[in-house]
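Listed below are the structures to be examined.
Below are two complexes that have chain A in common, paired first with chain B and then with chain C.
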Partner chain A sequence: MATFAPPASGYDSILVIGGGIAGITAALEAAELGSDVFLVEKMPYLGGRVAQLARYFPKLCPPTCGIEINLRRLRDNPRVHLLTNAEVASIEGAPGAFDVAVTVEPRYVNDRCTACGACVDVCPVERPNAFNYGMDTTKAIYIGHEMAYPMKYAIDEQTCLGEECGRCVAACPYDAIDLAMKPQSVSLQVGAVVVATGWKPYDASAIVNLAFGHYPNIVTNVMLERMAADTGPTGGKIARPSDGRPVNRVAFIQCAGSRDRLHLSYCSGICCLGSLKQATYILDRNPEAEVYIYYIDLRTPGTYEPFADRVMARPHVHAVKGKVADILWDDESGDLSVVADDMVQGHMSRIPVDLVVLATGMEPSLSDHRPAMPAVLDHDGFVLDTGEDRGVYAAGCAREPMDVATATMDATAAAMMAVRSIRKSTVR
Partner chain B sequence: MGQEVAVMELVPDLGFVNQLVERAGDSFKRCYQCGTCSAVCPFATEDLELPRKQMLMAQWGMKSQMMDDPILWVCTTCGNCARLCPREVDIPGTITAVREAVLVESGISPELAKAFENTVVRGNPLGSPARRRADWAKQAGVEVPILSTLDRPTDVLFYVECYWSFHERGQQAAQAMARTLNRLGVDWAILGTEERCIADSQRAAGESGLFEEEAAKNMATLGKYTFNRLVTPDPHAFNALKNQYPKLGATYPVQHYTQFLAERLSDLPLKRIPERLVTFHDPCYLGRHNGEYEAPRRLLEAIPGVRLTEMAHCRAEGFCCGGGGGGVWNSGFVAEQVDERLAVRRVREAVASHAEVLAVCCPFEVSLFEDAVKLTGNEGTLVVRDIIELLDESLAGGEERP
Partner chain C sequence: MGSKTGVYICEGCGIGDCMDVGALATAAAEFGAAAVKTGRAFCLEDAATIRQDVGEQQLDGVVIAACSPRVNRDRFRFEVEGGPPVHVQRVNIREQVAWSQPAGAEPTQQMAEDLLKMGMAAEKAAKSPRPFTEAHEETVLVVGGGPAGLSAAVSAADAGYFVVLVEKEAELGGFARFLHRQYPTLPPYQDLEPIALEQWIGELAAHPRIEVRTHARLTGIGGQPGAFVATIESGGERQEVTVGSVVMATGFRLAGPDQLTRYGLGRLTDVVTSLDLEHMSAEGRIRRPSNQEEPKRVAIVACDRSADRDYAPYAGNVTSMVSLKQALYVRAAYPEAQVFVVYEDMQAPGHHELFYRHLQEDPGIFFVRGQVETVEASDNGAVTLMVGGTVLGSPVTLAVDLVVLAAGMIPTATADGEAPPLALRYLQGGDIPTRPFGFADSHFLCFPYETRRTGIYTAGVVHRSLDLPQSRRDGAAAAAKAVQVVEQAALGAAVHPRVGDLGYPEFFMQKCTACGRCTQECPFGALELDAAHHPVINPNRCRRCGICMGACPVQIISFPDYSVHALSEMAKQVSMPEDDEEQLRILVFACENDAYPALDMVGFNHLAYPATMRVVPVRCLGAVNSVTVSDAIANGYDGVALLGCKAGDDYQCHFIQGSELLGRRMTNVRETLDRLALESERVQVLETTIADAHRLPEVLQQFADGIAAVGPNPMKGF
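Coming up: the complex of A and B.
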């Protein structure tokens, strides 16, 4: 890839950190208002967590169209300067004049790549596919996902055998692979920053009593999204991971590590809706399936209440008020038994199921990785609004947990704040 | 529709709520009724929602309802509920506070009342004569120094506690401990007949007044002597000395005996004993309440011939033996309230682990588990041994003492 040379825009431009739905939206809104934008994404591709969903609210369509619309806007807009494989190392300065250091990790594939895939055929290394939460593998040279932008291969440095192997280099008809590529430091001058670093699923293995990682038929909500996606590791089939048998009985465990002082103390606000949506994935594939949703409080904020009512009205959906505390496993059958105190019925509930889905919450990406920047993070790692204009604006789940539709509105607002901040500085 | 609904008049007793807050803090007010506690309570059965309902009743000041519910006295304060509580409620502490608040008015089972009375009158819950407290030492085969006769400071004051002093199986363990301390060349002594019960389980059963009276006597006795540390075989005494006595103004360096010995493993000339598969039961008050899971295991793993295996529930997830929180004295009453004794359930787990020996290090456990072994028909399959007995056997060169 050609060395990134930032356009000489002075301090009039805007830095957007994170190329998920919020970051893409903020970058486009600001660019369409006439600002130059640097969009910095740590993965080799844009799309973030939304690209990993099978379907999303409010219309339950696959993310393909939403992302495609944004990518078209992006392709058409020369004001957005994209840096992938890139992370912000530091931001110094004041509103109107920030100096930003960005580290761009080598992609090992340059702009000549046409995504023909000749490299994949010869690559000898299989690696766990993080995009599918480790449920399948890719080669060490891989493409993020079917809507990846830029649509170019990238090499996983951790697993690639390097120049000693070099089979991909020989196989590439376009001379697009350069295993000697080095990290690059880029300095940017910007007037305002939008932090759209997003979220990650809470680590389910930390919830020891829910046995994630011990039994294969316990998955997380984000894994089920990949299972339900046509492009996912199972081609959209939802089956028991242990033996591939059909799923007839499913337990969704709400607040898996949420509203829990031992894990995430807050409510992510989207997991109940997520499970109700995923109940439809199960029932659309197998109308005879039984779905149990264990909850403390079923929370469907805002205008989503009718959706909850519709799903709950389906005869095969059962809500059990009680937090699951234990999951028992039968070695022979692979069946799981879910233990909770059913407080509406007033007795202990032990229900046998084929599949357990842990509705884990959203942890801010910055929770354990806090870059040096003039923003204040709260205890959990969300960007705090201190009431003071620091020229740094959070958008989407970097600010608080939210759904996709809210994140795009939030990003638009953040873009407006950033643009206003720059124009204020210019006028001054 | 056609269904009869029971209507209950509820008059919140705010004085009661304040009393609980004063004794146990206000963490119970955070409870949001998720039921995690009930689902992991070792007593959990089809219709026993302990302690979720107790937390709700505590919040609502339902003193009279709590008093009338015998389930209040079943909890062993084992702490498995609090381990997972998403609101970090001090559930065992709250249950203890409720017991304290209603103890006088509600009345308790005769067996529990007897244990309290024995503690007051004889200084031990078993009702044994106080003057016999050091009688076990006569059969130890080694000299057991009494601190009052030494006329000098000692390094280790070994606080024997009641079950090792008076219970036949406990006495055997105490004798093994005496031999082990002598073999290590430790400068140690016991209080002898001056020792009284630490009474931590009486406290957890609701008798904080008794606990505090005993503590005052014990602190006065301990104040007469100079020693570097207390070592005790009883995790409940260990818990009280470590966590409760400082609140009453007395802080002593204290170790459970497994911690003390684990630090001196290299000085113990352990010899091979006949090979056997051993599983270890974590005492609630050593493990969950005080975070010590390693010392007992280090001792067991060091004995040549011992192969250690774990039960399905171990360490922080370990099941209770049923002895804590007064349960050891209340077994007849508790048996009427629940389907299965906890010791029975634990012994079934030990048998399922294929272990030949169930190793313990809490004085309540030996008798509770040995009874459960008989009740479940596992005599000949599983034996119960205190870790000190296995160590003593190994130190003696592999000869198991009769």
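Coming up: the complex of A and C.
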């Protein structure tokens, strides 16, 4: 991690940008096809958005189960060269010969870290924990999450007091902390590129009528994932943020930003299923709770209809077809009311709830930050497949919104396209 | 192994503060280690000591008592110059002892010592694997010449492999031959796009490494990855070809009158399927079948009501999108026509939403949300649909000239009364195993290309409910797996999930009773029977889970580096305090994929699990033999916990059936215990997930408390 010396590759290796589920999958599939792969991840650990999920639909199984198998494949495969804290600055060239500039930000912790945790005990500073969407804190020296890979600490330079504090340096038995670490530029030569830069949750505060940020008992779907995780800020307890009281009535508001010309014009594709899954989080903890799902169309693409049917058939799950007009708040009680145009009943309805969950959509990570690269993006920031072979292949949510099961398929395909592109020119 | 073993005990990461490392070293020496060293950090500088000992003392095995085997795997690889890697056995005294047991306590020390001896026993029992490298034919057989199959063929060929593509029809193209246009895939997502079928077929024709057999049928596949033998029949001739792997892209059939009679199909002449409309559109003649007149009012039914899920519980998004596309066919042909799209939930995910919105602006397209209740002929020759559950409250009646049904797709993975599509010559049957909806895969979410027939991968609608562009990508991805499996076969190495594993099961055949249980329980059909009903292993079909080893009632199945013998040798190393109610001993077999990492996380979070437990990682719970468990009780363990993954329809077992099979075996073990008047609650299967670290301490404590309540094992000391 201190210095990365890329192996001489002679343009027949593959660059994978993004270490979420799509990027990990693409990197492993390409490496197991015999290619050298550079996997570039901007966070200090792999896993991306899926590492932040409590469960996957439809099996309601933990994401770390599949990630664990993938990380074992990764640890045992010398063909995958991992760069964390790293971002691709530019890609120049043509299929078969790309020059890539990568910036590696300092982790301030080197490869000698054994994750013993002696540093954490002495660190005097707390930082908002981005992994838990700011709902709790970690020390300035932190590990991304308990299943993080690499299993090494990292320092948040925004909050770290630096060398004048230096307590972690003194506490570390292994000389693993280097507060003087500097950013590093790395040049790579690759023959093909897989763009697996993923997504970020749409900024819910931009949807004015849904009042996110005004009332504490309005949370987003990604926040609820962390609340439902044993490793999350509440230890898996789902309670009202305002007063910690139990949640008996919950409203899920679909298309919070999606299918809306003012926000995201496309459908994010996964949020209906996400909310149905989250309805099980609520009901498994409190079988007497009432769950209201406000939706336009209940979108369950692929083979998810039986899952949706199963959840919808549970007592206490109510689907309301209609747009939410307003969310009202009672200062004293902390209670909320959801005002919506119920299209089936044909009138405005007003339902009191304890917690509102906004099913915010997916915005491509490349929406506002795009490295220079030979790829065509639409105005939202999704990478398009124009049919022309540019040697750059998108996978997962960098291409369009999709669920995990589709992203892993998509990434396997992108890995094959990248390998083909290189081998086509070398195999007779 | 085990003739010269070096043992390295780490003091770092709090281990030295928690236990007497010197005493562990003494125990290792007494056990017969050739070299014993303690160090501050064997993952860092001290690794050089190990490397030096391996070289100088010609060690053939190394035991490292330190952190979990899940970390620092790359740092603990050692080899004597020019030789194979030295066998490394890890003993987890960091996460599972130092970080999860009270420091300085006698039971903690005892646990560490027991684990160390167990690791040394495992190392001693292990032998070097001799990989099977005899089958590596670099040819992929693609079954089916539709969009997925064509894509798979050209992908594998571009990657350097030879391809044989078998298509049962006279021409390539599959269902895509009948499609007039596809819905938009590029901004602004408004215009229908041509289908580049000719180009895709052209890529094959031009390719030097692709051989196409049309009008051909597959009548058998035997063998294993790297050397499948496929029988192809064509024009009355039969030919056998050897291929390394198979991509199954046999596609789907469209629902017909059997499924769609409720919508009038087969009953009313002017009710047609989406396929019929594709034909009409391609010919430029959209007409009412009854009188050949131009339709003025057309209803397109997305067929997505819940009753349709009886035959296709997945077709939603494809039928929705086909409905939208075909609405445009009609509008383009007849600008005056009115089209009513009847749907329940418009499944237009992603950018399809933009196409949907575009059609909503078309003054000639009307979207009717509801469920078609009846479809009848009316006196004036029109077809009348009654649609209930609409937003208007009361049912809506639509009188139209033509009804188009967006029929669902039914995958053709299995024979289903017809000739089996792959005709596998496997003891376990001719069909590839499918999941509940008839799709042929085994790990729906994380590992979408895994099937239960190693080396055979599915693509297109036989794999998932996919549309055309998705099927093309799917074909490329399945080809990736098909190439990988052959590359692994050349090394004699396993594929997913134990990628790279070299050892495969060996049978001590003199003692085989020909019961056949191993062949029945293998989830991957790796075992066949010979004339004497003895099992025959196909190493490249094997995924190394060890379920056969767990199944064998006479324990004759073992891996060179993993065996019933090794597990039982490990179990024997544990100190067995006698007549001490406070010091019970519980053996825990933990699935190394999920339960074992969860136990590591118990340590990472500095939570605790009972000091009476001794954890043995296993490849899969299914690899635990009944005898291993009953022997443990016979040898004085007070309890045995089997910690593994969820079984059933939504199984989380990486080997599909491991936990389910183990559950059945343990029922038998418990019955035996009852017969012997030994309390059956001594043996329990505890379902867990990898994310359960925060619940495990309580679950395990409850189990330990239960055993304490039952009391010490009366067999102790016998």
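Here, the second predicted complex is superposed on the first by the 423 of 428 C-alpha atoms of A that agree within 3 Å, B and C clash if a C-alpha of one lies under 4 Å from a C-alpha of the other, contacts with A are read in each partner's own complex, and residues count from 1 in each chain.
The definition used in the following text is that a residue touches a chain if its C-beta (ideal position, glycine included) is under 8 Å from a C-beta of that chain, and two chains touch if they have at least 3 such contacts.
Since the structure is predicted, the reported quantities are computational estimates derived from the model, not experimental observations.
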{"item": "Superposed partners chain B and chain C on chain A - clash or fit", "value": "fit"}
{"item": "Superposition-derived comparison: chain B or chain C, residues of chain A touched", "value": "C"}
{"item": "Touching partner for A:V344 - first (chain B), second (chain C), both, neither", "value": "second"}
{"item": "Which superposed partner A:R259 touches (first chain B, second chain C, both, neither)", "value": "both"}
{"item": "Partner chain in contact with A:G244 - chain B first, chain C second, else both or neither", "value": "neither"}
{"item": "Contacts of A:P315 with chain B and chain C, given as first, second, both or neither", "value": "neither"}
{"item": "From chain A, separation angle of chain B and chain C (C-alpha centres, steps of 10 degrees)", "value": "130"}
{"item": "Touched partner set for A:G269, first chain B, second chain C, both or neither", "value": "second"}
{"item": "Touched partner set for A:V324, first chain B, second chain C, both or neither", "value": "first"}
{"item": "Overlay on chain A, chain C to chain B nearest C-alpha distance, Å", "value": "5"}
{"item": "Touching both chain C and chain B, counted on chain A across the two superposed complexes", "value": "259, 343, 346"}
{"item": "Residues on chain C engaged by chain A in the complex (per definition of touch)", "value": "12-14, 40-41, 43-44, 67, 70-71, 73-74, 155, 158-160, 185-187, 196, 306, 309, 313-314, 316-317, 345-354, 357, 391, 393, 437, 439, 444-449, 464-465, 469, 473-474, 476-477, 479-481, 483-484, 487-488, 496-497, 499-500, 593-594, 597, 601, 604-605, 645-646, 650, 652, 654, 689-695"}
{"item": "Residues on chain A engaged by chain B in the complex (per definition of touch)", "value": "208-209, 255, 259-263, 296, 322-326, 339-343, 346-348"}
{"item": "Residue ranges of chain B touching chain A (in the complex, touch as defined)", "value": "32-40, 44-49, 52, 84, 86-88, 317"}
{"item": "Chain A residues touching chain C - in the complex, by the definition given at the top", "value": "21, 29, 32-34, 54, 56, 58-62, 64-70, 72-73, 75-78, 112, 114-116, 146-147, 151, 173-174, 229-231, 235-236, 258-259, 265-269, 297-306, 309, 321, 343-344, 346, 378-379, 382, 384-387, 400-402, 404-405, 408-410, 412-413, 415-417, 419-420, 423-424, 427"}
